[in-house]
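Each chain gets a letter, A, B, C and D, in the order it is written, and its residues are counted from 1.
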Amino acid sequence: MKVNVTDYQKILNQIQSELSEVKVTGKVASYIPELAKVPADKFGMHLYNLEGESFCFGDSDARFSTQSISKVLSLALAMKTIGGDLWKRVGVEPSGAKFNSLSLLEDNFGIPRNPFINAGALVVADVLVSNFSNPKAAFLTFLHELTGDDTIAYDEVVAASEKSEGYRNFALANYLKSFGNMENDVEEVLDFYFHQCSIAMSCKELAQAFIVFANQGKLLHSDRQFLTGQQVKRINALMLTCGFYDEAGEFSFEVGLPGKSGVGGGIVAVHPNHYAVAVWSPPLNPKGNSELGMAALERLTTLTGYSIF
Amino acid sequence: MKVNVTDYQKILNQIQSELSEVKVTGKVASYIPELAKVPADKFGMHLYNLEGESFCFGDSDARFSTQSISKVLSLALAMKTIGGDLWKRVGVEPSGAKFNSLSLLEDNFGIPRNPFINAGALVVADVLVSNFSNPKAAFLTFLHELTGDDTIAYDEVVAASEKSEGYRNFALANYLKSFGNMENDVEEVLDFYFHQCSIAMSCKELAQAFIVFANQGKLLHSDRQFLTGQQVKRINALMLTCGFYDEAGEFSFEVGLPGKSGVGGGIVAVHPNHYAVAVWSPPLNPKGNSELGMAALERLTTLTGYSIF
Amino acid sequence: MKVNVTDYQKILNQIQSELSEVKVTGKVASYIPELAKVPADKFGMHLYNLEGESFCFGDSDARFSTQSISKVLSLALAMKTIGGDLWKRVGVEPSGAKFNSLSLLEDNFGIPRNPFINAGALVVADVLVSNFSNPKAAFLTFLHELTGDDTIAYDEVVAASEKSEGYRNFALANYLKSFGNMENDVEEVLDFYFHQCSIAMSCKELAQAFIVFANQGKLLHSDRQFLTGQQVKRINALMLTCGFYDEAGEFSFEVGLPGKSGVGGGIVAVHPNHYAVAVWSPPLNPKGNSELGMAALERLTTLTGYSIF
Amino acid sequence: MKVNVTDYQKILNQIQSELSEVKVTGKVASYIPELAKVPADKFGMHLYNLEGESFCFGDSDARFSTQSISKVLSLALAMKTIGGDLWKRVGVEPSGAKFNSLSLLEDNFGIPRNPFINAGALVVADVLVSNFSNPKAAFLTFLHELTGDDTIAYDEVVAASEKSEGYRNFALANYLKSFGNMENDVEEVLDFYFHQCSIAMSCKELAQAFIVFANQGKLLHSDRQFLTGQQVKRINALMLTCGFYDEAGEFSFEVGLPGKSGVGGGIVAVHPNHYAVAVWSPPLNPKGNSELGMAALERLTTLTGYSIF
């Protein structure tokens, strides 16, 4: 890696400048009012490297709804909590299908293809509900330790709104239950899940949270080994193969970094041993990933000349 | 049709005699305890013709859980109530899949393939919940008028048991709701649906209920035009193409009559302009249809030499 | 059945008159030039009853390409030749998919769902190639005996054209071969199959050919038992459940007769113990069935007041 | 990277020693006799690093049938030849299905999900047939330049045997042709494809061929820029997400390197900027990947402590 500090900021500036010219054709997620009312022109990016240096532009300090990005963090907590037993209940293969598909469960006896499709994330949520007396508190504590920032919190309005419209997730949870792959009450698991997805974080906070995946499992702010090296390797592998639903191959092909997107318009990506980066722009492409976010990260690995490949 | 009264009873006697020798390999449905404890050796058959004559053998007067057979009756009530508008919300094509499959919904924007797969029957239930202030009472009234027998009732124990294990149906109902194809609360529709399926009737009562489909829509006991000729034609057509899940073709091929099976081990079939017949034997073949019931009806059309084909 | 001679002709006249007003939106099949150049306004119908009486209108004497209608006739010859062994190699269930789908084979170890989807018809063709030294001659002889008309012949131009564009059928045949469900050379089976589909017949000739299915297997012109009653029952059952691809339920629901369509715009239907009827109008609806043909047959069973249901 | 020369050889020795104890349960591929007769106990590994150093054990110099590993090399030649136009005809997403599945094509209008499933590799083969007057010679020349070894050759016996049993590939090619996604004659494309898959190479030769993907596109033996950095990034991304059919996630998760397997029992993997490695052991696991090969590479990244993640 020959990219130095000056370069990173210059490259981010260039990305901001290039992409501010782009005519965005995507649409902001609108299935709940709380997401629909986020201004479409929000745009920010924050890169945080292993030297602890930060580079950013735009709305990088504004919090937004992390949504599916939170699935990486709940997965990390579940792996930390029950280890490899998790893989008896959820697979590690890309799905070749949409994030909320039920059909693949049917072919697979209720074992979701991976932990990042909704069905898989519900199994992860079920694991946390089984293992913590207060799973919502436990997840927040985990996030506070991970980031060193104890202001990160659930957005109760978003969580309630998700719940009121979450028929597809109720369907998935009941379907898993019918296959015996859900230990707890459907209502309880979904209450946790909707809260988990409602976590609001900024690009800066996300980059700080995900630096652990670039740092072999060590927290950067405390030098504590928070996850094992093998856990981090596996989570990164899963982000690469499964982090973007039916566009995982495209992201791997164009960007070449492990990453995870959310319908709130955020994307976070990790260059192991180098940096974590988060970008936010609400309009989504037809596959449900932030249109400008995808472009910004493609520019990042092209302009730095480095990806994991 | 050259089959006369003496022949019918002789043929039923022959069926009973032939099939009592058969070594049954199927299993009684066991997903709820109430069905599991029904004795496997129950076997009865009742044929009721347009002349009002009855022919029967065995346990033809014992009531059993009609289960999916009730879907034909709820469909008839829905068609009587809202007419052709029903077909905007549910299709008329065989599914080529199992009765509780969710996958086909996904390809079809939430429109179930036909009213006899569970998803379709839930849409029919939703129609009844929307159109009657007390749908459970309305459905009983409909059955009482249809059969002239007001002792027919819900089995509350079966209904409660279905509800406690009905995760797959909760999944289906929520899935339909996510597509906008369920107007009422999921809980309310399922409460009706589980009751509808719990209706207990004997072979004799089923034959009397289904004679309307052999009689161009007229009740036999009162000569009242209860359903239109076109409604009956369509319901018969649906029974023929979709009445046996993934074995509809086989039933049509071997038996050659419109019919409908239930996991309680009952099968009812209709020879338009001639008779209605019901048979009951709890052990089910791998496709979920009564093993002896299928055989009995195949013998019936072979021995009489008449089917609709 | 209270329909008399005068009624049939009156009803056909009414159908012609009603439907000549209809604005057809379908398109003539164009995947080979020979079908594309057939005039879209051709329209004829011929009903032939068990009394040997004929009723018709329009272009009922003009020959057209029977295409998939011929699958019923090759099936009849295969059943006559090898009996029930056929059902080890092909199923009897509706497919819930398009006529030339390959995907269902994959789920089913190379056993086509039924003999009327292309894959199933190719297995039937393979059976004929295995059992006749000159299968093309044998099939013609069968047709000549069936109809009493030895002018019926292959259209070599259509057959050659099908072959030059038949990549999907080459794919299906090779796929069957990969599963071990094709005994002969792919080229040889397809040569027979493309010829079989090229048979040209008029509505009149089709009605005369299919009257055997209304007459319990007896030829009407010679009183010879040509097929067994059980073979006829099964073929009729298959036409009803599988004769219209993904629109079989709709046809059963609207028309209520066993039938079979072809992309040449022909449809033939059978009312067992009453009549056979053929209709021809080249424009096809989106499911690939003759638009006016479907309408004409729906009018027929509605105006006569009789279907098998 | 803190792995030094001594370490690599020690690690390979340890892998050989550990895995020689393992009781292999997989089966050698047997769909053609030439593969079936390869001794099951062959086992070799060769790692080649950017310093030009080699480390190996066992049968690392014995040639075996590369089979699907060759798809990476034909893809590289196609990208070098027509650039990004290739992606109009083939996707970059993992398939979630078996390597020779036809069903996904159906959902996708004949565009294969990626270039490593058979359908995608056939499109790549078609591109080469379209762009070279003698594609077989051109592919060999490409391999000779890539490796600096002009003894690499087709195995004509294997190619002929594949052809005689290749019904599934004939089906795929005809299916692609039916969608208009195959420009040349099916026979011609398959002749090239079966030859391409028959290429015989040793672990040593494969490691030398694939070092270009670890070296940003430069040949190591001549320092010539053979592929662009972006081409290499994309090919590595595709190997990671799609290189192991329905086990790509597992390989990424356990090994954490881009790689490609073949039914001959070979696997090649690349650690960008570090090394290329090939391993060979014929018995295949149920997903069709070398059982010991998977284990050997998992041990490699675990013992070195380094993967791309």
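In the analysis below, contacts are C-beta pairs under 8 Å (C-beta built on N, C-alpha and C of every residue); 3 or more make two chains touch, one makes a residue touch a chain.
Bear in mind the structure is a predicted one, so any value in this text is a computation, not a measurement.
Peer 1: Counting only C-alpha atoms to place each centre, which chain is farthest from subunit D?
Peer 2: B
Peer 1: Give the rotation angle, in degrees and rounded to the nearest 5, that superposes the C-alpha atoms of subunit B onto those of its identical copy subunit C.
Peer 2: 180
Peer 1: Starting from the mean Cα coordinates of subunit A and subunit D, work out the distance between those two points in Å.
Peer 2: 32
Peer 1: Using mean CA coordinates as chain centres, what's the gap between subunit A and subunit C in Å?
Peer 2: 55
Peer 1: Cα centroid separation between subunit C and subunit D, in whole Å?
Peer 2: 48
Peer 1: What are the residues of subunit C that contact at least two other chains?
Peer 2: none
Peer 1: Considering only the defined contacts, which subunit D positions touch subunit A in the complex?
Peer 2: 91-97, 104, 113-114, 229-230, 232-234, 236-238, 240-242, 246-250, 252-253, 256, 258, 272, 301-302, 305, 307-309
Peer 1: Going by the contact rule at the top, pick out the subunit D residues touching subunit C in the complex.
Peer 2: These residues of subunit D touch subunit C: 101-103, 105-106, 167-168, 170-175, 177-178, 186.
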